[in-house]
Amino acid sequence: MSSRTEMHVSIGGLNLESPVIIASGVWPYEAELWSPERLEGVGALCTKAVSLNGRAGNKGVRVWETPCGMLNSIGLQNGGVRSFLDDYLPLVRGAYRPFLVNLVMESEREVRESIAALAEIPGIPAIELNISCPNVDGDGMAWGISAESAAKAVRIARSEWKGALWVKLTPQSPDLAGVAKAAEAEGADALVCGNTWLGMAMDIKKKRPVFQRVVAGLSGPAVFPLALRTVWQVCGAVKLPVIGCGGVASWEDATAMLLAGASAVEVGSALFTDFDLPRKIVAGLSTYLAEQKIDTVSGLTGLGRHE
Amino acid sequence: MSSRTEMHVSIGGLNLESPVIIASGVWPYEAELWSPERLEGVGALCTKAVSLNGRAGNKGVRVWETPCGMLNSIGLQNGGVRSFLDDYLPLVRGAYRPFLVNLVMESEREVRESIAALAEIPGIPAIELNISCPNVDGDGMAWGISAESAAKAVRIARSEWKGALWVKLTPQSPDLAGVAKAAEAEGADALVCGNTWLGMAMDIKKKRPVFQRVVAGLSGPAVFPLALRTVWQVCGAVKLPVIGCGGVASWEDATAMLLAGASAVEVGSALFTDFDLPRKIVAGLSTYLAEQKIDTVSGLTGLGRHE
Amino acid sequence: MTCGGSAPRDYEAKVAGGRALGDGSGLLAVECEDIASAAEPGQFVMVRPGSCGDPFLGRPLAVAATSGGIFKMLYRVVGRGTELLVSKRQGDSLVVRGPIGRGFFSSRGDMPLPKKVLLAGGSVGAAPLLFAARRLGMAKVAGVSMGVSGRGWEGFAEWLKESFPGVALFSDDGSVGTKGTALDGLPCQLPADTEIWACGPQGMLRALAAKYPEDRARIRVALESRMACGMGGCLGCVIPTARGNRRVCVDGPVFTAEEVLWNEFAD
Amino acid sequence: MTCGGSAPRDYEAKVAGGRALGDGSGLLAVECEDIASAAEPGQFVMVRPGSCGDPFLGRPLAVAATSGGIFKMLYRVVGRGTELLVSKRQGDSLVVRGPIGRGFFSSRGDMPLPKKVLLAGGSVGAAPLLFAARRLGMAKVAGVSMGVSGRGWEGFAEWLKESFPGVALFSDDGSVGTKGTALDGLPCQLPADTEIWACGPQGMLRALAAKYPEDRARIRVALESRMACGMGGCLGCVIPTARGNRRVCVDGPVFTAEEVLWNEFAD
């Protein structure tokens, strides 16, 4: 359907066969799902969050459906960086696609140690630095909330990591443009915009919040208009490539993200209901390119910004 | 179905027969729709935005559907405060229900003049001050973004208006709790939490943003989990009564808002698809109260905060 | 701004039947006594095609006919909302808000009916015109001119011929009827005792207004606009007119071509 | 963490038929060769009941039977998702992801089948047990004990009796079968050559584990948990087990009552 070159994008140090990336935290380490046949249309994959030490994640209800979306409060459950390298890296590599290790921005010490462990192993192409977590060294606010703390986070990671460094922004920041500029100034190679949106749910039968931590992250189609707006704003603030993420569930959504200035998209929750979405997005983009007489998908980036 | 006293709530200077309020900007001045028969279950109504002088509103596309929601960019179209008083006030009064004049927070001079005009007419029970608009005297940011500017807005309105003063917050504020506290300190009688969420849409056929102003306000069920979270946060920050607004589309949603700490709810977009929603919410609340063995709806307020 | 007609209501109605007309167009009959008995040509309903929260908004569709407690709509599949209509079968339920707006008759106020009416429509714009023809009586209808885009519309064209005997039929590519647009089926001069009632894509209505610059007061157009509420509340559907912004849903959808400020908006 | 079985796939399947069992429960048959041929008792599918974007997530429903290219599900209306299933008719399409998880057989690994199996279920927990009984062969099934809540479940109880001849039937209010729960139909001592396979509300499974503290390794329970993905990706469905958090969707849904740390979670 689509020729290889048509869908090719080159972003922040990675060469992708398509602009569709599997977002962090949604794709299991099940061997069969990392086979080429099950990854049609996928340009790259982000691993689940990796932290220095293993984390059990949150107790109680972890997922909750909302209108056209869902809330999650997984709590970064993972086995730690060593377990990732030992147990899952071979599988991840077996997909023969660029991948990004989604790294939890913890304390300075922890993140330096995690990166050191990753850097020891040759052939890890990229880190996606997740700055949505609280800065335990600082004020407890998420690293990604202010331009200053985001700058610090990126500086730390950049000084330790020579490979491609993507930074995943949090839409909870009141100064997204500032955070984006700070990440750019500190040497990030690309920005992922963004993570989940802070929401909550109430269990009216039990008369208490559904989640033990009360709040949880909203994702899925419901947030698409919000995510698209943040992509528009961030693309206006920086020259770095931007990856749109939040609610992408169709080729039309992906196209809108690209026109707004994104170089690629990440898809998350929509995979929960459609394994085949990446292939469908690529097919839709390909037809759209033909109709619009545009040669390559990278030609769409930012085209909607010139009125 | 429900006894009068069961649903009665007394909030910020108003006595309502039910905790369901029609949000600003959604109910037309069509005589028939202000008749008691068409307002079953409605405790109070907010008028469309009123500004000092008439405003034509925005050009181009004004509404756009999104997953479980919609974007709007109406641009405060209204005939100005005089036209409101002359043309519509009699109709509004004819509903024999408490109502709130949704007043656009413009420049200091304009808002003082508008309030003076409203204050001349006896029997206007309450103003709902909409601080989502840019502060044209200040930095152009919305009045409701920072605690300082919100404080100033409420101070101005409070000094001019003796009746009930509700303040409608904008979820775009990065410091909602601070804004809420500022409004409380300056003498607001209740807080409405909140307005629409900043989103955007792309017209992929035309390869340009759908809205002339690019961004637009997201409302409807999609935003409910986000609005509920802001209600939870604001109720934790202030003692003032809080009215939950954003995505309420069922009695369950209204119940969740009350349990999170709200004293009432406003419904907006959901009326676009169901005239009968206020009555249904009241019926659902009534059954729920009976099941939970709670006497009055005000007994639900904040009940979900004690785990 | 107060609307002359009565405000619409919401109904959970049952589908009475449907008929595909080929290539994504079709008729859908809905049981709803209140709407069927009150609707006039040019009025429309907001249909919520799904059985759940998404699609969120109703879809505006003109009333194409009424008989007994049933009204019909003519649809063309455009996106996911209309797509859902295709699979509706007898007995399925459907939420409809209506009847909405000022139609070809009520929008006249006290103005008497003209002696003759020419009907001009583009594709599914035929719906309110069909209803209007029935109400006017064929004696008053001086002619019917319809345009469709062409290939793929054969089934629809057959239905048009059935519904409007003697219709002048045009298509962009000439594959159906004569090559041209509905405007080509209209006289160069509009006779003094005649009005044109039209419904179709905005471009066609704009061209119609341009064709008869002197006679715009005698041209009534049923307009389309993006809508959220269909009750006059959201102000989402306004168009610029000589009297300021007017809501297509309840101030229209029928306007005279004279009122509309054609140059001040684009789709 | 890697799952033994093969990863599920998504299918746009057609409804082959349905049968209401009264009071909001019913059977739904779906045409899907791949799922029907691969599914084992205890496995489930994620069904997206709507035709649009909302409800967003699939609903987990156990496979209750298979024959030829068709598999059946047994549902009880709980909320808006299952509500939408009631109106499904033959020919309607339905998006299903499956088959998912480790069932009563594959969850055993190399462990041989026991000589006898007692089946114990609560309400729609009957689904995977029915399927298990077929696969085990009635000779191996030492007894079937089922509980329902009572009034309103008469139709369902009839269906149970039809499906499991000789079933011991209990209800909370005694209106159907004997007053009591499915546990009352089980022996005080679990014979050495026997296992219990159970499915039902968490409270019932917890009580079952409590009833046989020494024999939990011989009790297999099919658990429920809130799910988003049904493919092991979201980690939304985990339960605490002796081996740490395990995903109900792909590590289960069948676990031994011994593995599960019953005290460390509540519904």
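Note that the chains are named A, B, C and D in the order they appear, and that numbering of residues resets to 1 at the start of each chain.
In the analysis below, a contact is a pair of C-beta atoms (placed from the backbone, for glycine too) under 8 Å apart; a residue touches a chain by one contact, two chains touch by 3 or more.
Since this is a predicted model, take the numbers as computed values, not measurements.
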Between the pairs A-C and B-C, the one where more C-beta pairs touch:
B-C
Can you work out the whole-Å distance between the CA centroids of chain B and chain D?
46
Averaged-CA centre spacing for the pair chain D and chain C, given as whole angstrom:
52
Distance between the CA centroids of chain B and chain C (whole Å) is 35
In chain B, residues with contacts to at least two other chains:
66-69, 220-221, 249
Check: chain C positions touching at least 2 other chains come out as 53-55
Classify the chain contact graph as line, ring, star, complete or other.
complete
Spell out the part of chain D that touches chain A in their complex, as residue ranges.
1-3, 6-7, 9-10, 48, 53-58, 95, 97, 226-238, 244-245, 250, 265
Under the stated contact criterion, what part of chain C meets chain A in this complex?
53-54
So in the complex, the part of chain A that touches chain C is made up of which residues?
67-68, 221
Along chain B, where are the residues that touch chain C in the complex?
25-33, 38, 48, 56-57, 59-70, 72, 74, 77, 87, 91, 220-221, 249, 269, 271-276
In the complex, chain A residues that touch chain B
66-69, 71, 173-175, 197-202, 204, 207-209, 214-216, 218, 220-226, 228-229, 232, 247, 249, 252, 255-256, 259-260, 288, 292, 303-304, 307
